[in-house]
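Let me give you the structure first, and then I'll get to my questions.
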Amino acid sequence: MTTTIAVGPDEAVADVEDGSTVLVGGFGLAGMPFDLIDALIRQGAGDLTIVSNNAGNGDVGLAALLKAGRVRKVICSFPRQSDSYVFDDLYRAGRVELEVVPQGTLAERMRAAGAGIGAFYSPVGVGTPLAEGKETREIDGRVHVLEFPIQGDVALISAHRADTMGNLVYRKTARNFGPVMATAARTVVVQVTEIVPAGGIDPETVVTPGIYVDRLVRAKARRLTVQGAR
Amino acid sequence: MTTAAAPAVEHTDRGPLTTDELAARIARDIPASSYVNLGIGQPTRIAEHLPRDAGVVLHTENGMLGMGPAATGDEVDPDLTNAGKVPVTELPGAAYFHHADSFAMMRGGHLDVCVLGAFQVSQHGDLANWHTGDPDAIPAVGGAMDLAVGARQVLVMMKLFTRDGAPKLVPACTYPLTGPGCVHRAYTDCGIFAVGPDGVRVLETYGSSVAALRERLDVELKD
Amino acid sequence: MTTAAAPAVEHTDRGPLTTDELAARIARDIPASSYVNLGIGQPTRIAEHLPRDAGVVLHTENGMLGMGPAATGDEVDPDLTNAGKVPVTELPGAAYFHHADSFAMMRGGHLDVCVLGAFQVSQHGDLANWHTGDPDAIPAVGGAMDLAVGARQVLVMMKLFTRDGAPKLVPACTYPLTGPGCVHRAYTDCGIFAVGPDGVRVLETYGSSVAALRERLDVELKD
Amino acid sequence: MTTTIAVGPDEAVADVEDGSTVLVGGFGLAGMPFDLIDALIRQGAGDLTIVSNNAGNGDVGLAALLKAGRVRKVICSFPRQSDSYVFDDLYRAGRVELEVVPQGTLAERMRAAGAGIGAFYSPVGVGTPLAEGKETREIDGRVHVLEFPIQGDVALISAHRADTMGNLVYRKTARNFGPVMATAARTVVVQVTEIVPAGGIDPETVVTPGIYVDRLVRAKARRLTVQGAR
């Protein structure tokens, strides 16, 4: 149904329930929906399963949500980073569960949820601990592992520009998981730097069509710290 | 990257390769006009040694082809990083895409070459580069398994021995695998090795003879 | 599109709906701001009856959201057609995408409503609309099966009887299925029927009473 | 490897072999690679399996290839159209095989080939003749059918504009199967109306990255007949 423009991030995440599976965009800090995560922390929902590529950096974004004790489980490809100390401590203390998924499998499992694919066979992970206990099948002489969709209750995404129909464009590698997650959750909330009238985005360049977007929020101006600048 | 059985070239008149020399040596073996992923960490330094006119196009798993050198000064843009989250630049003819498309590209066999770091490589090309198996270690795989399975040529860049002197080219990996039988070549400071179903063949040595490496490694070395 | 069990509304003071009237009647049941696919052929005429301010966004399987009315004169562009290959126009806020993305959208349950033609609809919502089963007929399914499975509400627009007078709302389809149990409502010239696991409930009739339809149909009609 | 710019369509399709599986872009006439098909007819390869949404319109494009007797089998979703008389006659005469595939399954099977997915479970077609003989599996209470990839030897595609790196953008609904087919064939040949220098296409708007494109050909100017204009 129609895309609504929320007054602010608090309104946009007001109905997230305890125990939800929340897909959180971003690859490191690029594409991380900071305003929405901060609002989710204020909102107070807990016992969350977070699906994201990483498990937080420094004390901001996902790391802050973890620090606030709202996360029961993290499904991600790469929790361990130079500045993932919040997650590291929680994990070592046994206070957060972790499911590590190869990065492409993580993306494809969400795509499957969004695309109505019941399951798929992937050659990735075969013969490794991440395929243990999973069903395998040989196809054309190559062993594949059966992977199932990851469906979110909510997706929190950061994009660059939206029009009032909810069509989205992203910016450079901040695109990353946003377009996939937008297809894979029942409620999709997007923070953007700019909202333009319908017709303000060239239809040839739309990356996420508005059909996938439930709520738009204008993002606060923010000066991002760059992680690994040389 | 031919594997015709030429005898190993022994560079015994010098020491092992420095990291920079190793990166340059690998760069020489990257075919012109190929599509290449340089993983994260040390292999990304290979980019600095690729000739500008070779037309090699760099892929980064977080959604870009046509990645340029690391960004400096005003070029730094938090929305433009490589897979190691290091700010990078964009070359003319670049393209951005989302994660499912990026990994479809990888898994689907469209990249010509990837270069990965490794904890261990087995004589048959098994790769272990994501988990030491230490029960206290936090596992983190990223895109390594996807690259190991997907790229047409998987090259490893690593030191041949750990700081404790243990070989990293081994009969069988003792660390959890990233992928079985996926590595084509291991480029190390002490030598370059073709690995695979037929075992290990030494292509070059640096700072040691093949005979000397035989003493230190537990794998059968063909030369 | 409530299915609360109100009694059937019998319009016996008039004849059956014309195609245009039927299209208008279906348009009235399309929720405002919904994403809708109108298949090919007759259902595409529903678009002409959707109020401009209702904010209904039309999807066409060949890769577009925000499809506008049929193109006329200079608007005709061979690169812009609907699923029936009829030239159409683009509305502000449209988006183009490729076929895998378009059908991911359909299969993934993101469309609110689709309206399809039919050869037969069974009392339990089975749909047959792609093949008469005639051994000489050339089978052609297009996107019908994908829509039947994927859209949240599948509506059928058809005549209730064939030219020979045979009912198209049947106890069980005799033609090959497009999808089992997928139709929510059948909109016909002679009446509107909710179908599904609980069988057929008459919502409205046109030109006949429910009793008269009971005489002509082999299915049990609740009203 | 690198994208080459062919002198003309004949050079671009010179190495297509008898018995090849050829993916042919287009939905009806929109996106049909006419120049490449005409060149393929001149080139003479036969015993082809054609994968395309339709089975030719009028006497041009795919219909001309069929008429020339080069096609052993057609895999498509919708062969029967008002002007598909060439195919219709061949089919009724038993001179061409037909595999009908639901349109989305057709697209997804090619995507699977391009994306390294060994097979996938789809709910589409279950309970219909098109699922007969196929493996099924119940997932989350819904029956799915197992579908395998369609890999092409060659893809013939029409796009709007390319840069010299092979990056492509399309035009309106002529995009259709092009981007998927470009990922799913060993050799990908694309006709475009314009080739611009690298940097001439905004990297945010590239639809098919050059990695998928082997050969580019400038298309002849052509006045398309519109099929169903009212």
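Per-chain numbering from 1; labels A, B, C and D assigned in written order.
One rule holds in what follows: a residue touches a chain if its C-beta (ideal position, glycine included) is under 8 Å from a C-beta of that chain, and two chains touch if they have at least 3 such contacts.
All of these numbers come straight from a predicted model, not from anything done at the bench.
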item	value
Chain separated most widely from chain C, comparing mean CA positions	B
Pair sharing more residue contacts (C-beta pairs) when C-D is set against A-C	C-D
Averaged-CA centre spacing for the pair chain D and chain C, given as whole angstrom	29
Euclidean distance of C-alpha centroids - chain B vs chain C, Å	55
Between chain A and chain C, centroid-to-centroid distance (C-alpha), Å	36
Between chain A and chain D, centroid-to-centroid distance (C-alpha), Å	33
Junction residues of chain B, two or more chains touched	64, 90, 96-97, 103-104, 106-107, 149-150
Sequence positions of chain D contacting 2 or more other chains	108, 111, 115-117, 122-123, 170-172, 204
Category of the chain touch graph - line, ring, star, complete, other	other
Set of all touching chain pairs, with the criterion as stated earlier	A-B, A-C, A-D, B-D, C-D
Touching residues on chain C, where the partner in the complex is chain A	31-35, 55, 57, 59, 64-66, 90-97, 103-112, 149-150
Touching residues on chain D, where the partner in the complex is chain A	108, 112, 115-123, 137, 139-140, 142, 144, 148, 169-172, 202, 204-205
Of all residues in chain D, those that touch chain B in their complex	1-2, 111, 113-117, 163-165, 167, 183, 197-199, 201, 203-204, 206, 209-212
Touching residues on chain B, where the partner in the complex is chain A	60-64, 70-72, 76-81, 84-87, 90, 96-100, 102-104, 106-107, 131, 136-146, 149-150, 176-180
Chain B-facing residues of chain A, complex	27-31, 53, 77-81, 87-88, 91-92, 98, 100-105, 107-108, 110-111, 122-130, 170-180, 207, 224-230
